[in-house]
Structures are given as structure tokens and as C-alpha cells.
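Shared between the two complexes below is chain A, which pairs with chain B and chain C, respectively.
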Partner chain A sequence: MTNYKGYITLFLVPTIALFMLVYAVSIVILFGTSFTEWSTGLKPAFVGFRNFIDMFAKDTSFKEGFWNTAVWVLLQSTVHVLIGLVFAIILNMKEFYWKFARTVFMFPNIISGAAVGMLFLCMLNPNFGAVNSIVRLFGDSEYAQNWFMDYATAFMSVTMTWLPYAAVVTILILAEIAAIPDSLFESARIDGASELKINLFIVIPMLRNIIGTCVILAGTSMLQKMDIIMMTTGGGPGNTTLNLPMYIYKTAMMDNNFGYSNAVGVFLIGFGIVFVLLVRYLFRIGSSST
Partner chain B sequence: MQQTIGYLEGEVKVNKTFFKTGSAIAGTVVLLASVTACGSNSSSGGSASSSDSPPAASSASATASTQASEQTAAKAPVKIKYLTYRVGTHASAKLEAEQIKQFNAKYGKEVEVQVEEIPSDSAYEDKIKILAASGDIPDVVMGKNGINDILIKGNLATPFNDYLSQDAEWAKEIGDEALAANTRDGKVWSISDQKQTVGYFYNKDMFDKAGIKPAQTWDEFMSNNEKLKAAGFVPLALMTGENAWTTNLILASIVGTSGDAGNKFMNTLHPSDFNTPEMIDALGKVKTMLEKYTTKDALGAGYANAANSFCQGKAAIIANGPWMIGDFSDTTKCAAGFDQKVGIAAFPGNGMISSYEVGYMNGGKTQETRDAAEKFIRFKTGLEGQRIALEFGNVVPVSDQVQPSEELKQKYPLLVESIEVGNQSQVHYGSFDSIVYPNVTDAWKLLYPELVFGKSSAEEIAKKLSEIAAKNK
Partner chain C sequence: MKIALAICKYLFVLFIVLLSLGPFLWMFMASFKTNAEILTNSLDWPSSFRFSNYAMAFKIAPLSRFYINSVIVGILGTALNLLILGMSAYVLARFQFRGKKLLMVLLSLSLLIPGAAMLQPLYLTVNTIGLYDKLIGLIIVYAGFGLPVSLYILSSYFLTIPKEMEESAYLDGAGFIRTFFKIILPISRPGFGTAAVLQFLLCWNEFQFAIILTTGNQSRTLPLALYYFKSQFASDYGVMFAATMIVILPSILVYILMQRQVISGLAAGAVKG
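And then the complex of A and B:
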């Protein structure tokens, strides 16, 4: 047993060392400099909570960015996960198409965010985009909706670049369904339960842990989402599609205001931690399904 | 037999234990070694830099250009890092490749330029800013879009004064105006590699069919747009995505030709107050252009969309510099013979954007790399480099000593015309990209939709621009 402890320590050392170098140091610097006024070329100057006070008291762009981020987190952790769950349950029926459908559903997830952004930018182009061209085919020859820049459609257009593509959720849930003992399904069928009832009252309740995990994965992915926004709208029109990662980027790289940017970063980390804890509590992740 | 098996089992156990221990140690050592290797690599770079005094504070001793080649050949070439975004389909990719090729042929034994290609202008700017934050910039840096301010503030660049005072010939090749454009408090922080002279290109066929000529006033310009539209053409190839380049060239020209105050504004570095009558009037005019006289995808479109609209004969006018001239005869971008249809004009009020690029900065950390970087920059910005830029990229040189060759004149008559139009123009001013803070440049793509969709008036946009400029640190 003593030997195993030695191995455990030995194997943990590189991981801890890497974590300390890559994450821990960065997080400490992030927290430390969030209380400073700091721009490239100047030394950080301590300003106390001024950055945080300005964020909430004066900065409308921050508030708009936070609101959009929160809405996207909510949509991704509900609608996106629901789509993945429904798709998994359909695929689990193992009809003739299930392997093909699973593979096709995965395609958008294996393309890089920047490429997806470019793809949608072309598809939704007012002049030559596929969507407008189809509408023109069915009547309105002058139809030229600017999907990404019109205030009425920009948020929805950006949302549609990621919301429906829930293949990762589907795969995780499919794996969990495969782990449910066949005897449970057989017993239910013998008792006369329909497929719908089996899914509603046996399968879904037993997926609580993995659904909770998927909610965390999907929700937190919105706390990092920047590539597609950068490629399509840049946060516009106005601040209609601005989220906090994009705002952090702009504050640091365009305003050259690293101290303030890091304060927003600290807030984003805090928001993420609260979200994860809330989901863990709601789904009782880690506790037994039975 | 059982004993033998037991013995073998024991041996296997011993071997397993040995294997486990060995692999655990080996794995740990490999991981730690990789981490340590990373650390030592960067720290060695750091020690090299820290051994020298800060660049701006140190006295830069220029290496004489006539240094004995035998001596330098005997030494290993000095390695310098150079990041470039002029790659791939970039308009200046050819000239960049040719300059580096010719520099290597001439000075390759003395200086080894380690080129890192960055796929876009914005990615380049981001990368340099991040490197600047960690104090680890390349030896040669393009100071565009606010990078120069950051390097100067951070004491990360070496001014060229000493180099220039020891090489009067080079200073002459660049010219006083270009040097003055990049001088602050008496220090020459960067060397310009090109002059921006920007008017607009127009489709002569479309102009003929609409019965118009290049406008002399902005009222006539708007009237021309109406006539082009009436003739069934889209008048302007505008775009508001990226840095809103083609749109802002027109905006800058309306402001720059509006009188003394507007012209002074467009010749001011880092303007802080955009809430001026000239700016508000210009924003109003551009709003009309975006609403009525441009392509349907102009809001949010990138430069490529606008360029395509013009090259494919879908729009009659595009504001842009002479570096675009090569595209007109490139059949992968424009229809064959399109170059014959294109004319060039100064903006109404006989105005042209005329400014010097920020150019190259010396970010060398040791005296050796500073000297090597200076040699590379001197080549790129001297007569030889300017000539290559003109021949391979239709770039207007900073020196009058560099003139287009007969071959180039025959190949690109529009280039000669553009130089003539530039010489005849009387009102000169900078582009917005060259005068405003980077966060203002980044804001246009968000503000133009606000203006066009009526979420903000021209006055409110002007006020917002002032607020954004004030945010810059």
C-alpha cells in the first residue's frame, strides 16, 4: 500500500506541476491584476475595487454582454441538451438509420468554430447566401435579409450557429443508456409499458447524472464562445451579439485595458463557478440514480 | 512443475514490480523534462535579453554597411525573428516574398531572418500585442494600428536616430516627410515603407452609360450615385465589417475636404473629439450611401466582398489604394479585360488620402540583433526595397527616386495614372486607420449598423466615437 502511495505521488507531480504553471499562476495573476489599472507598457497600479464598481455602475456594454452570455448559457443548457437527449433516445431505438444519423449529426462538431463561422457567413449572406436564394426561389425576387447585421435577426442567427448541434450530448447520453441493464427494459415490457413510458419513466430518470454533466458542459461552453461571434458579427450590430469573452477580448486587445479586462474575467470565472454549483445541486450530480 | 511455475510467477511479479517502478519513473522524468525544457528555453531567451540595457535607453551603434564581408562571413549569421501577415492571398504577399528572397541573397550570410507567417492583419496585431504584454516582441515589427504606441510606451523598441545619423544616404532614401511622420519627441520610432495615396476607382463603362464623370463636389458625387442607380447599377462597393476600409476612405475624404477644420481633424493623430460638425455631416452622407447606393451585403461585409463587387462589375465605384491595380488584370479575381474598364479619380474637392505608413520598428533585444534588424529594415525601406514593393505590389514608394519601370508602366498604365492623379490632388489627409486609436478602428463595424438601422443618429455616433477613443489606455 505504501508503494501505491509512492506511485500516486509520483504520477501526480507532473500534473500538479503543469497545472501550477499553466493555470494556477495565470489565475493568481488574473485575480491580482483585476484590482489594478494595467495596460501594456505600464506597470500595474493598485486601484482596489474600482474596476468592479465601474463594471456594474457605469459600463452598459458589460451589462449587455453579461445579459447575452446568460441567455446563451440558459439556451444551451436547456434547449441544446434537450435536442441532444431527444436525438439520443431516437437513435437508441436502433432503427436502420441510426449509425448514419449519428455520424451526420456529428459533422458540425468536428468542424472548427472559425470554419463554422465562415460557413454561416456565406450561407446567410444577403446577396449570394443559400438561405436568401431559397426564399427568392419561392417568390420574393428582391429578398435580401441581412441576417447577421439586422437587429431583428442577428441574435437568433448567431444562436443558430451552435444551438442545434448537440452531437456531443447525444453521444454521452447514448453511452449512458447503453449502461442501463437490459433486464429493466424487459421487466417494463412484460408489465406492458410502452416505449414512450419506458423512456419517460425509466430511461430519463436514470440519466439524471449524465444530463446534469451535459448541462454543465453545454452551459460552460457558452462562457468560452468567441470564435464564431468574431467571424460573423464581431458582437454587433451595436452590442446585440456581444458576450463576455468577446468583451474581454475587446477590452484587452483594443482598449489596451488589461486590468479592467481581467476584472471582467474574474467575474466570468465566478459566474461559471456559480453555474456549475447550481447545476450540481439541481441534478444532485454524483449521487446514486436509484 | 508447480515449483517451476511458482518460481516463474515470482519472477514475473518481480519483473512487473520493476516494470511498474521503471515506467513510473521514466514517465515522470519525461514529463518533467519536457516542462523543464520549455522553461529553460524561454529563460535562456530571457537571460539573453536581460543582459542588455533597455533598447530605448541604450545607444544604438549602427553597423557600417561597408563592413568587411570576410569578417561577417566567418561568423555565424545573426538570427532575427520577423512575423508577417503579408502572406497567402494578401495584396502584398508577392512583394514581401521577393524582398525577403533578395535580402537573403544579399545578406543571408550575415543575418538569418526567421519568418513566421500570420494568416491575417488582425491576427498579427493581436499576436504582437500579446507578445508586447510579455515583453517578448520579434526583432522586426510592423507598427500598424496602435502597435507603435504600445512598443513606445513599453520601451520595447529602439529609435532609429543613431542609425540614420550614421547613414545619411538611407535617411535621404526615406525622405524627410516620411521620417517626420513617424517621429515623436525627436525620436524616429519607425521607418515607413510606403506612401498611401488613395482616391477611388470607377467603372468607365458604367459611368459612360449613366452619362457622368468623376465628381468635383460631394453634392455632385451624390447626384452621380443617383444617376448610376437610375441606370440600373449599384453605385458603391462599401463594407462595414473588419475595419470598414472602403467606407471609411469615403468618410475620411468627406471630412478631409470639408474645409480647414475638417482637414486639420483628418491630419491629427489620435483625435479625441469626434463630435464636430464636419464629422456629423460626413456620417449623415455615409448613412445615405449605405442605405441607398451600395450592395445589399455592405453592412457587415469584409473587404473581399466589396472588392468582388467591384471586380465582378456589380458596383461602379470602390475607394482603395493603388495596390489593388494588379487585381484588375488578375483573371482569378476580375473578368478578363476588366483592367481596361477601370479609371481612377481623386475624391471630390480634389482630395486624396496621402499618408505614410507607420512601417517597421526595431524590437531587437541585444545590440547584435538590433543591428541585424536594422540591416533588414534598411533593405526593406531603402531604394532597393521600395523598388521591389513598387514592381511586385504596386506600392507607392516613399522616395521620389523610385519610379516605375517602363515595363511596369506598360503592364499597369493605371498605376501611372494614379501617381499623376496623386500629384495633381491639392487636399491631403490621413485615413481613419492611420490616425485613430485601435479601439475606434474596431468600433466602426458595430456603429455603422446602429446608424443605418436608426438606433443612433449621426450626432450620437460621433459622441460614441469620442467615448470609445477616451477608453483607450
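And then the complex of A and C:
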């Protein structure tokens, strides 16, 4: 083949340019200004590690945001993935309803996060919301629990807007199961193994890699959630539903404390990297494949 | 024991289906009710299927403007992303060159960066270039956000095309560019279809950066309508429900029509781990 170096470069340049503009420049600004004190009207002033020290030592909002984020990452990596896995195994039996169930399960994942927030905001409305209406049917005609604004129930309510909706996990796992050769199932059945045993001891171990991937996807998605929280609680009441992305938004856009918010952003990236490395360790190197 | 398991299984499926479909059905039904009906009993069937709430939604809020913006951003954001990433995915899939490994590592770094971390930096960048509150700004940013997923889907797909395709084209005397646009692209429609659907949904549903990079009513997109008119619709819930339905329905339609692409795209685009 003749030398295509010119064309190769030509074809690569737009992507590299896009990457530079959107990601590279952002990272440089992020890291650079995280070591500064910077606000509207002022020029960034170098302050060394003070932002990071303040974050961990003095900032209670940061601590609460971090704690909430960590809990959500943990819950999503486990419960959410488990729900998706179980649903995938059930759907894999291909009973009459399976395509319908798969389609419908995707709905909450396919619409805008803002729309999900709005849906739940209305569903959990203390006066006319569906949830309270149903509770009222069962007796207490005065029931008017304010799910999103009550300190006791806010966190749980926000969690419910994303925890059960594991359609992406289900789809990924179903695709992976489809790749398992039928002969494996055949020989297991001939040996007399029950469906349950087959699923537990043959299928699931073979899904180790995709489950690991799902755990990574689920966990890191918790580092992105902001639109649902903005639509429902705004991080409140108090800081009970504040997570790190929401905190970054508040610090940057409302307090205009850019240096500090970017420091939190750096921390967020670090958090993500540590999480990914940890999961990769647990799922790939930790367990040996037989 | 077997019966107990079967019952658990069906209950679980029922639970999940209700949880997924329930909120939509409830709000869909309620969007046809008057405010009085909603406040008395929101679980009832609507007295009649009137569209007045929907008409009112378009009157109270500049929903048509937002709709048009979303369509423009969706289509152009997808086109830009596919064009740019299509070219580089092809080169990355087909050719070896100096620095290729480094480039691939660099590009996959984009997966590790949560959007929230880029809020203020991107705001600064877009503002400095002068694209604040312009649809082009959103289009470029969204094309960038879709970089990792489109790159993976498209290069995976290009890898499945046999090299004979290009070889016979070159033998016939076609040049590099001609081969790409006239031979490779037409065969790659499925791959592009998948990448297109995912990218379109990203553009259509995006909220965080739309709110940061726009202001006022000229350049805002549909998801923002919900946020800003939370207060405007505050008393007329029927209209609020109708507005939500208006925002949701296109995503659902696109998904139902393009299900195959979405599902295969997810399976391909996310096994990056």
C-alpha cells in the first residue's frame, strides 16, 4: 500500500482537536486552578494545597457530600448490579414476557435525568402523588408524607430514582450470556443439574468480567448524578442528599469559588480512578478463572 | 420448593415492570385531567381525554422554541460526532502508525473524567471562545462527550469489515478518501446507526451542561424546560404533567424504533471496563 501518512493525519486531526478542546484544556484548567484561590472579578492566586487541606479538615458540606457519594457508589455497585443480574438471568429463560419486560425496563434509563426527577417529584408529591394516594387507599386518609423534603426519607427517596433501574446491566449481561456455548448448558442438563444450579454455578462465574464492568459503570455513574438531584431536592434538606457533583456545581456556580470547586473536581477524578482500579483488582486478579 | 421459586420469580418481574412502567402510565393518564381532578384523586381514570393541558403547556412556556433547539442540537451534535469520530475510528482500526498506542490511551482517558469535574473549566473555555449561550457551543461540547463511546462502537465495527474491501477498491484505482466515503461508509451503516442513536439520546437528554452553557430562552433545550417551569406550572399540575410527557415521548419513541441499535450499541460500547 502506498504511503497514507497524510490521510491518516488528516483523519485524526479533528478528533484530536475535539479531545483537546473539550477534555485536555479542561483538565489543565482543573488541575492548575485547584491550587489557586479564584473568584469572579479576581485573578487566580496561587495558594498551594490550601484548598485540599480545607476540604478535608474544615468543610462539613464536603464531608457530607463525600459520604453520600460513597454510600451511593457502594449501593449502586452492589444492589443495582444484583438487580440487573437477577433480572437478566430470569429474562434469559425467554418466557413469553421477556422482550416486553426488557423494553419497559429501559424506559427510566432512556429519558432525560431531568424528566426522571420530574416524574418522581410528582409521584412522591405529598398531596396528589401516586405513592401517597395508594397509601391513603389502605386506611390513613390523612397520609401526607413529604418524601423529598423530610430529613428521614429524603436520601432513600433520591436513591430510589436510580437504584432499581438496572436495564443497562441486564442488557449487557444478556448479551454476554448469549455468547456462552449451548453445549455447556446441554451437558449440565444431561448431568441432571437443576436450572437454579446451572445459573448459580455455571453461568454466573462465567460472567465475572461483564459483572465487573457493570460494577464499574454503575459505581462511576454515581459520580455523575446531578440532574435528578437538582430537580428533586437540590441537595437538601440540609445536606442529606448532597453528592460531590452537586457540591461542585454549588461551589462553582452559586458561591463562585472556582479554585475550590476545581479542587473538589480533582478529588472527584481521583475518587473515580481509585474506584475503577479497586474493582478491576477485585474482579480480575482477585479471583482466578478455572 | 420449585413452586416457591417460580412465584418469587414472577413477583420480582412484576415488581420491576410496575416500577418501570408505573410512573409513566400514571403521569400519562394524569396529563389528561384537570387540576381539580388531580387534586381530588390522582389514581382515577381521567373523565375525558382532552388535550387542553398540552396546548396550555406550549402557551405558558416557549416549549416549541426549546423543542426546535433540542432537535437542532441533537441532529447536528450527532452528525458532527459521527463525522469526526468516523474518520479517526477508521484510521485507528485499520492502520498502524507511530504513536498509535499513546493516542489510544490518551483518548480513553476521557472515560475517567466525570462530567461534573469539567463544569467550570468547560464553562470558561466555551465562554472564552465566545460560544456561550449559542447552540454551536452545545453541539461541540456534546460531540466531545460522545467521543469515547462513538470511537469504541465505530472502531469495533470497522474491525469487522474484511480488508479485501479496500484492497479491491485500490486495485480499481480508487484513492484513500474515495474508498472511505464510497465503499467503507455505506457498508458501515449498522455501526453508524448504533453510534448515532446513542449520541442523539445523549444530546437530547443532557441537562447539566445545557444549564451551565446557556441562559435565557433563546438557546435552551428541552430538559431545561422542566427545571425552569417547575415554578411556572406550580399551580397547574395537569400542564406540568403534559409538559413532562412532551419531553419524554421523543426519547421513548426513538428507543422503541431503534431498539436493536441501542441494545447492540450498549453491549459493544460499554464492554470497555
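Keep in mind that, in the parts below, the second predicted complex is superposed on the first by the 267 of 290 C-alpha atoms of A that agree within 3 Å, B and C clash if a C-alpha of one lies under 4 Å from a C-alpha of the other, contacts with A are read in each partner's own complex, and residues count from 1 in each chain.
Definition applied: a contact is a pair of C-beta atoms (placed from the backbone, for glycine too) under 8 Å apart; a residue touches a chain by one contact, two chains touch by 3 or more.
As the structure is a computational prediction, the values presented were derived from the model and not from experiment.
Novice: When the two structures are laid over each other on chain A, do chain B and chain C clash or fit?
Specialist: Aligned on chain A, chain B and chain C clash with each other.
Novice: For A:L21, is the partner it touches chain B (first), chain C (second), both, or none of the two (neither)?
Specialist: Both: A:L21 reaches chain B and chain C.
Novice: Just checking: does A:W162 make contact with chain B only, chain C only, both, or neither of them? Give me first, second, both or neither.
Specialist: Neither partner.
Novice: Return first, second, both or neither, reflecting whether A:Y7 touches chain B, chain C, both chains, or no partner chain.
Specialist: both
Novice: Just checking: does A:M253 make contact with chain B only, chain C only, both, or neither of them? Give me first, second, both or neither.
Specialist: Touch status of A:M253: both partners.
Novice: Between chain B and chain C, pick out the one touching the greater number of residues of chain A.
Specialist: C
Novice: Which partner does A:G235 contact after superposing on A: first (chain B), second (chain C), both, neither?
Specialist: In the superposed model, A:G235 contacts chain B only, not chain C.
Novice: Quick one: classify A:M149 as touching chain B (first), chain C (second), both or neither.
Specialist: In the superposed model, A:M149 contacts chain B only, not chain C.
Novice: Please indicate which partner A:L42 is in contact with in the superposed arrangement: first for chain B, second for chain C, both, or neither.
Specialist: The first partner, chain B, only.
Novice: Please work out whether A:T103 is in contact with chain B alone, chain C alone, both, or neither, and reply first, second, both or neither.
Specialist: second
Novice: Please work out whether A:F66 is in contact with chain B alone, chain C alone, both, or neither, and reply first, second, both or neither.
Specialist: neither
Novice: Does any part of chain A touch chain B in one structure and chain C in the other, and if so which residues?
Specialist: Correct list for chain A: 7, 10-11, 14, 18, 21, 127-128, 253, 258.
Novice: Taking the touch rule as given, give the residues of chain B at its contact with chain A in the complex, in rising order.
Specialist: Spelled out, the residues of chain B in touch with chain A are 20, 24-25, 27-28, 31-32, 35, 125-126, 129-130, 132-133, 146, 150-156, 240-241, 295-297, 299-300, 305, 438-439, 442, 445-447, 449-450, 453, 455-456, 471-473.
Novice: Once bound in the complex, which stretches of chain C touch chain A?
Specialist: Against chain A, the touching part of chain C is residues 5, 9, 12-13, 16-17, 19-24, 26-27, 30, 38-39, 41-43, 83-85, 87-88, 90-92, 95, 97, 103, 106-107, 109-110, 112-125, 140-141, 143-145, 147, 151, 170, 176-177, 180, 201, 204-208, 211-212, 222-224, 226-227, 230, 237, 240-241, 244, 247-248, 251-252, 255-256, 259, 262-264, 266-267, 270-273.
Novice: Any idea which chain A residues touch chain C in the complex?
Specialist: Counting only chain A, the residues touching chain C are 1, 4-5, 7-8, 10-12, 14-16, 18-19, 21-23, 25-27, 29-30, 83, 86-87, 90, 97, 100-101, 103-108, 110-115, 117-123, 127-130, 133-134, 137, 164-165, 167-168, 171-172, 175-176, 196, 209-210, 212-213, 216-217, 220, 223-224, 226-227, 230-231, 244-245, 248-249, 252-253, 258, 261-262, 265-266, 268-269, 272-273, 276, 280.
Novice: Hey, which residues of chain A end up touching chain B in the complex?
Specialist: Interface residues on chain A, with respect to chain B: 7, 10-11, 13-14, 17-18, 21, 37, 39-42, 125-128, 144, 146, 148-151, 233-239, 250, 253-258.
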